[in-house]
Every structure is written in C-alpha cells, then in structure tokens.
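Please find the structures below.
Each of the next two complexes has chain A plus one more chain, namely chain B in the first and chain C in the second.
Presenting the complex of A and B:
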C-alpha cells in the first residue's frame, strides 16, 4: 500500500524528487571534500549565503504557479533590503517595528503587483518588468549610496548557531541550558527558513486560495467556471510573493549589515530565482510544483557556487561552469518529450 | 480615420501621441529653463535616433521571438560575444564572424526551445550565462584591448548624406523584418505558430523550423547591434549588452505586440523604440536622477499598458 503511494508520489513529483536527490548528493560530496566538512561553522556560513536567494526563489514560485512570472522579485528584495538597512537599529521595539515595516512594504508592493495584474489585466511578466523598475527607483531614493546601520547584536544573533542566538539575548541560561543542547549547533538562518516555510507556505497551499492558484495555473477558464475565487487567488499569490521577497531583503540587510540599491544585483536575483524555481521541479507553464521545491532548487544553485571555493578552479572559468551546469540541469526537462505519446501534447 | 482606431492600430496611435507629449513636455522644459528647443532640432533628433539604433535593432530581433510567444533573454551576451569576437578577429572578416556568432547562438536557442521543448525563458537564460562564461574565460574578465575595425566605426559613427550610417543599418534591418513578416511564408508561419502552435503544426507548418528561424533572426539582430555598439565605443567591453534587454522587450510590448505571441506589427515596435529613446533623452535633459528615471520609466510602461494593453477577461 505504502509502496503504491510512494510510486504515485514519485510519478507526480519527479522533478522535486530529482532535485532533492541532487542537492543531497552535491552537499554530501561538498562536505566530504571540504577540509572542515560536516562542521557547524561550514553549515552556518553556507546557510547564511543561501537565505536571500531561497526566499526570493520561494517568492517567484507563486506567480509561476499561476502560469505567470514575476520579474520584480529581485527589485522588491533590493527595495526591502534598503528599507531594512535604514530602520534596523535603536531600541528592541524600534528594531521590531523596523522589521514589520520592512515586511509590510514588500507585501504592499506585492499587493500592488497583484492589483495591476488582476484589475489592470496586464500580463504578469510585463507588468512586473515595469513595477520592478519602480521598485529599483524607490530603493535608490531610500539609499542612494550603499551602506546602512543594522543593530550588531541582531546581526550576530541571526547569522550564527542557535547557541549564539541564545547567548546574545541571554535566554536559556546564555545558551547553556540542557534542553537547548540538541539544537545548539543548528544555524539560525535554517530555522528562519523552516519557520517561514511552515507558517506561510504550507497553510497557504492547503487553503482554498492556495488550491485556486494551482487551478488557475492548470486551466484558468475551468477554475473560473468552477466558482473558484480567481481574483483573490491571483492577488494573494503576488502579495505573498512580495512578503517572501521582503523576507529575503530583510535577511540580506541583517546578514550584510547594509543595503545596496544595485540594479545588476536585483536582476541577477530575479534570473537566479527563475532558475531555482525550474530546478525545483515547478513547471513554468503553471499548475504544478511548489515553494519547497524552489527552496531546494535555490540551495542547489548555491551549493554549486560553494564548490568553486574548495576545488582549485580557475576563477575565470567559474561563470562558464555555472552556466553549463544550469543549462544541463534544465535540459533534463527534455526527457519529458520522450515520454509524450501524442505529439500535439508537446505544443503547450 | 476608421483604420487609425482599429484594434490593431490603437496601441500605435496612442504611442505616437505619447511621443508628441514627451516632445512637448521636453521642449517646454528647455524653453522655460534655457530658452532653446534642442529637442526639436533635426540634428539632435538624428543623434538620438543614432543611439536608438542599437536598441531598435535588438528590439526588431526580439520581436520575432515574442511573436512566437517565446522570449530571448540571451540578447545581452549574444551582443557582447559578437562584439568581442569581431574586435578580436579584426580585418575584413570581423563583421561576418560576428554575424556567424549571432547565427550560432540563435541555432542553439532554437534547438533547445523547439526540439528539447525547454521553456525559452529558462533556456535562453542558460545560454546567456554560458556565453558570459565563455567571454569571461576568453578575455580574462577585462575589456579586450582590440579595437573595432574601420568598417564597424564607419557603420556606427560616420554620416552618410548628413544622416548617421547607423540609422541606415537600422532602416535596412527594419525593412528586412517588415518584408519577412508581411511578404513571406516564414512571416505568416510565425504569426500562425505564435497564435496556436498545435493548429499551425496540424496545418502543415514545420513549427520547429519556424521557431529556430525566429531565434536565428534574433541572434543576428543582437550581433548587428553588437557590431554597431563596438564601433560606436571603438571597442568591446564586458556587459555592454546588459542595458538593452529589458528596454527592448518594453519597446516591443509598448508597440502593441502581444507578449504571448501571435499579434503585433513592426511599425509598433519601431514607435515603441522611439518612445523609449525620447523618454530617456528628455529625462536626461531634465537631469533626472537615476531613481526618478526608473520610477517614471516603470510608471509610463504601466500607464500605457493600462490604456491599451489590457487582456480579455477570462470568462470560460
């Protein structure tokens, strides 16, 4: 019975399963090759560098599930990064307020995207191309020059292991409590990602709105005729995308203690997020996949770049290898064409 | 008049009107600050068009791909790769080699999208990354020292009969695209494939070759833009094509081409390019800081599309 269930799950989530397998193999080999592999320090450093792209990839997933694309995720991340770099200092209450304002501004931007797409009836890809420019402009207004002021305790606590977090804020006997020891070496960023995934993505996916997002991606007309809340789902998808992108921007500000309204960086994040979504097994045509897959896809992209540090590869060859790996990975999607029985199914 | 307001021409008419508005605002601004009207002098406009030629040629190529409902994100590094190989080869072979680079990239893109059936969005992005990698490995990450050949410099900078040669190149490319789209079977096949590929396939169009053909045109156009741009700045440099991708897509869409394919006229793209070029030049005359430019740029695209780019409401 369970075997049957597993087979069916595999058939439905082949891309996701392959992505997880690839990530596990890549990361195990990485740790074996690394001189200080399987240590907390390596895990902390790796997870810190992965968080922003993980959040941005999760943000990109929702519009992709609709069958659209959000070209503004990188820009929204940059905008929230700049806002956070202005606000995250002062008393604990001020910092908390700053975080909330940051997340809300990203959410509001997502809401604006959603309203333009739904009520303006403009294709998501072109609407977000334009709003992305607006987000970059706002980011430049907030922070014309790179820099910023982020609370040092906060920055230290959130970018290290759980024990350091507890020590910084003096909870659980400064991180020495017996009940904390099983978790003491887990990097805080990992926990943050898990919390956001569990509290934002999973409830959303199980809700009617979330199911509607999938239904729209499969067949919008049928979803409409079935009485599903099309407009609400679309707006919710973009709004949630904005919130997740803001999580990425907020974390980037905390990690780097600064904000940088860099157009190139925003574009790179957007493009990498699309690559991560595809690697994670979400179809660009919409209707299948999920944010957890994109999380895995983003991690794969990051682990590949980690390899360059431990292997003695000419830095000049790195972009080429990155590109070839990306192209090869997405080309595996071509196996689908071999399984198609009716040739017409190939044409969307 | 009847024809002007037909559904297909509405975007073109509105974009044209918007160009006039931009010119009026810009002229009003210069008249009030310096008392001159440089925007209306033919010389200034020709100069703007000369700079606009790079964008216009990129947009012409990407329009072919967008008409199919696909997209070509490999434009930036196709352009750069073509420019870099052209300057590296030098001599009489520079221009043909650059064009060959464009054809080769187009073929790879087309095969990946048409045969492997990988979404163009991600495949061309991968090709772009690989090209960037190749160029970084080749040049060591710096601007190559090779200079553009005299022919390239002539095409980009010199004037012929008082008109910049780049505008003639742009006009030739435009003419070729218009002829392809309106007078050849390939053009018809592009519209058919873009509307519904399955139907086009069933009516005997070899849709895979149509897709390959469109990507090759896009690659060649990017290569031509690369040749011109290298000639204009006398050499090739890293990331020279990065600023052309998104404005090119925006120009095509502002010109009324449907981003999902099947609909659009080349005149619209032409007007879209002119609109973006003039918008940029007016903003730089006003010495608008980068932040304001980005916001206005995005706002204009949204506003124009709200006026005419709206989709049908999904009702069944």
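Presenting the complex of A and C:
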C-alpha cells in the first residue's frame, strides 16, 4: 500500500523529486571537496547566503502557479530591504515594530499587484514589470545611497547557530542548556526558512484559496464554473508573494546590516527566482508544483555558485557556467518527452 | 403550474443584436426529469446558462420555489441548489479526483482542508456512480474522457442539488455508465429533485425523461408529457419542417472486384497495451465503421494510422505501399492523402481564437501558396468554396471560429480537411454533441465522398449511426477486431453482442 502510494507520489512529483536528489548530491560533493566540509561554520555561511533567494523564489512560485510571472519580486525584496535598513534599530519593541512594518509594506505591495491584475485586467507579466520599476523607485527614495543602521545583536543572533542566538538574548542558560544541545549547531536562517514555510506555505496549500490558485493555473474556466473564488485567490497569491519577498528583503537587511537600492541586484534576483521555480518542478504553465520545490531549486542555484569559491574557477566564467548548468538541469525535464508514445500528449 | 421548482417568466437574452432567447416562459417541476430538445442555436444552452448564473437575462424574471431570484455567478446559483454539468467539463486536470469532487466546499478542520475526510467523501461519491475502480488520489488528467464525465456527475451529486442540469452529460459514456446515470436520476426524481436533461441522443431522452420541452430559434415551442408525441412529430417541432429519412440510402453491396485492392490495409497493428493486433481493410468508395464500447482502441487506431503514435507495431499498407505516415504532416501530403477529423474539435480540430478563414486554410497552406507566400486570391476562393460546400453558417469568414455553434465548428473542421482533397478520411466521432440537422448533413456528405471514391473509416459511439451509415462495421474489443459485419447484417443486436464480446449464436 505504501509502496503504491510512493510510486504515485513519484509519478505526480517527478520534477520535485529530481530536484531534491540533485541538491543532495551537489551539496554532499561540495562538502567533500570543501577543506572544512560538514562543519557548522560552513553550513551557517551557506545558509545565510541562500535565505534571500529562497524567499524570493517562494514568492515567485505563487504567480507562476496561476500561470503568470511576477517580475517585481526582486524589486519588492530590494524595497523592503531598504525600508528595513532604516527601521531595525532602537529598543526591542522598536525593532519588532520595524520588522512588522517591513513585512506589511511588502505585503501591501503584493496586494497592489494583485488588485492591478484582477481589477485592472492586466496580464501579470506586464503589470509587475511596471510595479517593479515603481518599487525600485521607492527604494531609491528611501535609501538613495547604500548603508543603514541595523541592530548588531539582532544581526549576529539571526545569522549564526541556535546556540549563538540563545547566548545573545540570554535564554536557555546562554545557550548552554542541556535540552538545547541537539539543536545548538543548526543555523538560525535554516530555522527561519522552515518556520515561514510551515506557517505560510503549508496552510496556504491546504486552504480553499490555495487550491483555487492551483485550479486557476490548471483550468481557469473550470474553476469559474465550479464556483471557486477566483479573484480572491489571485489577489491572495500576489499578496502572499509580496509577503515572502519582504521576508527576503528583511533577512537581507539583517544579514548585510544595510540596505541597497541596487537595480541590477533586483533584476538578478527576479530572474534567478524564475530559474529556481522551474528547477523545483513547478510548471510555467501553472497548476502544478509548489513553493517547497522552489526552495529546493533556489538552494541548487546557490550551491552551484558555492562551487566557484572552492574550485578556484575564474569568477568571469560564473555566468557562463551557471547558464550551462541551468540549461542542463531544465533539459532533464524534457526527457519525459522521449517516453511519450502519443505525440498529442506533448501538447497537453 | 403550482409545483414548479424553477420558473421563467418572459426571459429574453440578446447577444450583440442576435436573439438567443425571446420572451421565454418555462417551468420545471420538482421530482421530474425534464428533457430539453432543440437544434444547436435553438437557445437551449442560453436557457441553462441563465439558470446556472453564467449569463444574466436582459429582461424577465426567474423564480425558484416561488421566490424571484437573480444569480450573478455560477457560485450563487450553486449555493441556491442549482447545479449544472456543462458539456465542457468543469474539472481541474492538475488536481486529484478527491480534490475535484470537493472543490467548491471541501471538508475542513481548523480552517484547513481535511484530506482524510475529503478522501472518504470521494470514495463514497465514487461508489454512488459505480466508479470504485477510480483512485481518489489520481489526477483527473490521467483519466479517460468517459471516466471524467462520471467524476463530473459525482461532483454534481455531492452538492445536493435541487435542480440538476445535465448538458450532454452522457455524450462520452459507455453503455454501463449510461445505465448508472439513469438509475441515479430515477433515484433523485424520487427524492424530489428536478433534473433538466439535454442530449442529442433521442433514444436517451426518450428512455429517461417524463416531460419534454422543445425550443426553436430562441423560443419555447411546446412542453408535453412523454409519449404524447411520436419521434417524427418531435423532430418536426424541433426543425420546423418535415424530415426526410435520417440516413442516406446505402448502395447495394458491390461484389468484390479484382481491381478493388484495398486503399488502406492494416494487419496485426499493435501499440502499447491499447492495440493488440488489428486487421482491417478499407476500399475506395466504402464507409467502414468502427464499433464497440468506448475505449477499446478505436481512437488509438485512428491516431496510429495518422502518424500520431510512436512505436506502432504491425503492418500498414496504403494503396499497396507498405508503411504508414510518420506524422500528420506526412499523412496529409503523401501520394495518397489522409485526413483525420479528431476527437476533440476544441483542442485538436480548431484554433478557437483564430478566424474561420485561417482555420479552413490551416491544412492546405501549400495548395494556395505561390512560393513562400499565401496567395490572397486563391485563399479567398478556397475559403468561399469550403463555406459553400458544407453550408457553414457564418457572419464573416474573418470572425473567430469560437463564435460558431458546435455543429458549424465541426463543419469547419471537416471542410478544412476536404480542402486537401484526401483519399482516405478518418473520422473520430464527428457527430458528438451536434444537432440533428447538421448530423444529417454530415451523413449525406460522407456518402457523397464515398461515392466520389474516397475510403472512409468512421468511429462512432452511436450504434444508430453505424447501422445507418456504414457499408461494413468492425467491432473492436480489447484492441482487437472481434467481429466484422456488413450490409443488412449490421443490426443493433449484433453490434451490442459483439461489443460485449458475446458470440451472437450463443446469446
């Protein structure tokens, strides 16, 4: 019975399963090649560098599931990064308020995207191309020059291991408590990602609104005929995308202790988020896939870039090699077409 | 009528000046199965689209259980207990069967969808429509068309309808499934549910409904109890004129002449587990039918002949030359040209958003081109010829093909293929879901084409068509030809027996 269940799951989630396998292999080899492989320090550094793209890729997943693209995710991340760099200091209450304002501003931007798409009846790709430029413009107003003031304790606590977090805030006997020891070496950013995925994505996936998002991407006419809340689901998808992009921006501010309205960075994050979504097994046609896949896809992209450091490859070659790796990985998805014996199935 | 559950009073609906419904009074009683009859374009689909909240009437009033109502969306109508199953299925292909069955109001725990409860609900509903073989965790896209229709019916049942509308809901069902649907509707009737049944299969309407209403040109012509009129009178009401014989006469069987080498010869054809050694031949001037239950390999056979399938085993010989086409492009441009009118005209037959003219020219670009460019003069001429030949009712050839009714869309598909002047014509259920008038035109056209020396292979899920149209019928079962019948030997009894793979002599 469980064997049959596993087979069915594999059939329905082949892209996702392949992505996980690829990530595990890449990361194991990376750690074997790394002089300090399999250490907490390496894991902490790697996870810190991966968080922002992971969140942005998860943000991109929702519009893609609808069958669209959000070209503003990188810009919203940049905007919230700049806002956070202005707000994350002062008393603990002020810092907490600053975080909430940062996340809310990203959420509000996503809500605006959703309303424009639904009520303006504009295709997502062009609507978000425009709003992305607006987000960058706002970011430049907030922070014309790179810099910022982010609480140092916060920055330290959230970018290191669990034990360091406990020590910074003096909880669990400064991180020495016996019950903390099993988790002491886990990087805090990993925990943050898991928490957001568990509290935002999983409930969404199992809500009527979330299912409607899949239904719209799969067959919008059928979704309408079934009486599903189409407008609400579209707006919710973009809003949630805004929230997840803001999580990325917030973390980037904490990690770098600064904000930077960098246009090129915003564009790179947007394009990488699309690559991560596809690598993670989500169909660009919409209707199948998920944010956990995109999380894995984003990690694959990051691990590839880690290789450049330890293998001593000329950084000028990085875009070239990344492009080839991405093309190769995506091509694996095309292998299914070799097994198709009814050519009509290729067009479905 | 006092016990009317739903009532229309003076409902009118116009689309950009064209009348779809004109001042319609109509009522349907609780605990009845009400058949709606009419040609395509008679206003049946507008009637039910208004009832189910897809369209809003321009004038008039709808009453549900005596109270005036107005539905702004399918959701509002569904909440009021009016559930419609549309011809275009409303299932979501990328979601599972269980997800689809509970799509509008899934069981929830703490605000989240309760998968276990949803699966249990799915199993119960699947049992009700006798589809226990369907896995609730399967994706809908993995199922065959007939299974999907049953899922659609289960989905509607699960919403506890007061009024259930079935629009061509049985068009792809097997005989066993149709019986299941009959039983379900009888059960609903005893519980006071009103069912509106729309079908182009007269014998289904006749077997099932207790009340019949005829529509023509957007008007409600007459409502009467079943049995008050005979078939001929009903058809007369529907088309407003006398009908000639439904099928053109079949020419007497010709003795097999020496020069009658089959144009299409198939032997031992295999593919995956769907085709298991098909032997078949079609000569010029012959209409050969493919019979049998749905899903016995008929569609795959046509696709294999047209070069759509990969790794087909066995032998295909066309005009004596061994080897079938490698692709549809090769099939239509070989020395012996082949055409396939596909199963699903909306996805495989037409480019719905493109114009009628572009669709008509889609297969014959090479014939109307000068060098790399399409010759506008010849293109216009070809389009005009195609429209005239099949009497397609169009406003302008530049209109999008999706603005046409189902029957006219199918005519566009057929006209498109006739433009390449094919020698072999493969037809996959070409009359599915189209009106009686157009059906008759297609029957006559098939006979004319055969008389002009074409070889026609014709799959139909309607036994009456096979009996009426074909010179020979090959009945498929489990991917094999189990019986071949010809001329007057083709009868409903013999076809049904062969479909079920029962030896007629034993039965």
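Here are a few things to note about the model shown:
Definition applied: the second predicted complex is superposed on the first by the 338 of 348 C-alpha atoms of A that agree within 3 Å, B and C clash if a C-alpha of one lies under 4 Å from a C-alpha of the other, contacts with A are read in each partner's own complex, and residues count from 1 in each chain.
Note that a residue touches a chain if its C-beta (ideal position, glycine included) is under 8 Å from a C-beta of that chain, and two chains touch if they have at least 3 such contacts.
Keep in mind the model is a prediction, meaning the values are calculated, not measured.
Using the contact criterion defined above for the overlaid structures, shared-chain residue A:8 touches chain C, although it does not reach chain B. In the superposition on chain A, A:225 makes contact with both chain B and chain C.
Contacts of A:136 after superposition on the shared chain: chain B is touched, whereas chain C is not.
Contacts of A:288 after superposition on the shared chain: chain C is touched, whereas chain B is not. When the two structures are aligned on the shared chain, A:203 is found in touch with chain C, with no touch to chain B.
After overlaying the two complexes on the shared chain, residue contacts for A:180 are found with neither chain B nor chain C.
In the superposition on chain A, A:214 makes contact with chain C only, while chain B stays out of contact range. In the superposition on chain A, contact of A:191 is made with neither chain B nor chain C.
In the superposition on chain A, A:123 makes contact with chain B only, while chain C stays out of contact range. Overlap of the chain B and chain C interfaces on chain A: residues 221, 224-225, 343-344, 348. Across the complex, chain C is touched by residues 5, 8, 12, 203, 206-208, 211, 214-215, 217-219, 221-229, 287-288, 340-344, 348 of chain A. Residues of chain B touching chain A in their complex: 73, 112, 115-119, 121-123, 125-134, 136-137, 140-141, 196-198, 201-202, 207, 242, 246, 249-250, 253, 259-260, 289-299, 301-302, 305-306, 309-316. Interface of chain C with chain A (complex): residues 54, 73-75, 78-79, 84, 86, 88-95, 99, 103-104, 106, 108, 111-113, 115, 135, 137-139, 141, 155, 271-272, 300, 303, 308-311, 327, 348. Here chain A touches chain B in the complex through residues 69, 116, 120-123, 125-127, 129-141, 144, 220-221, 224-225, 230, 264, 267, 271, 274-275, 278, 284-285, 314, 316-324, 326-327, 330-331, 333-334, 336-337, 343-344, 346-348, going by the rule given at the top.
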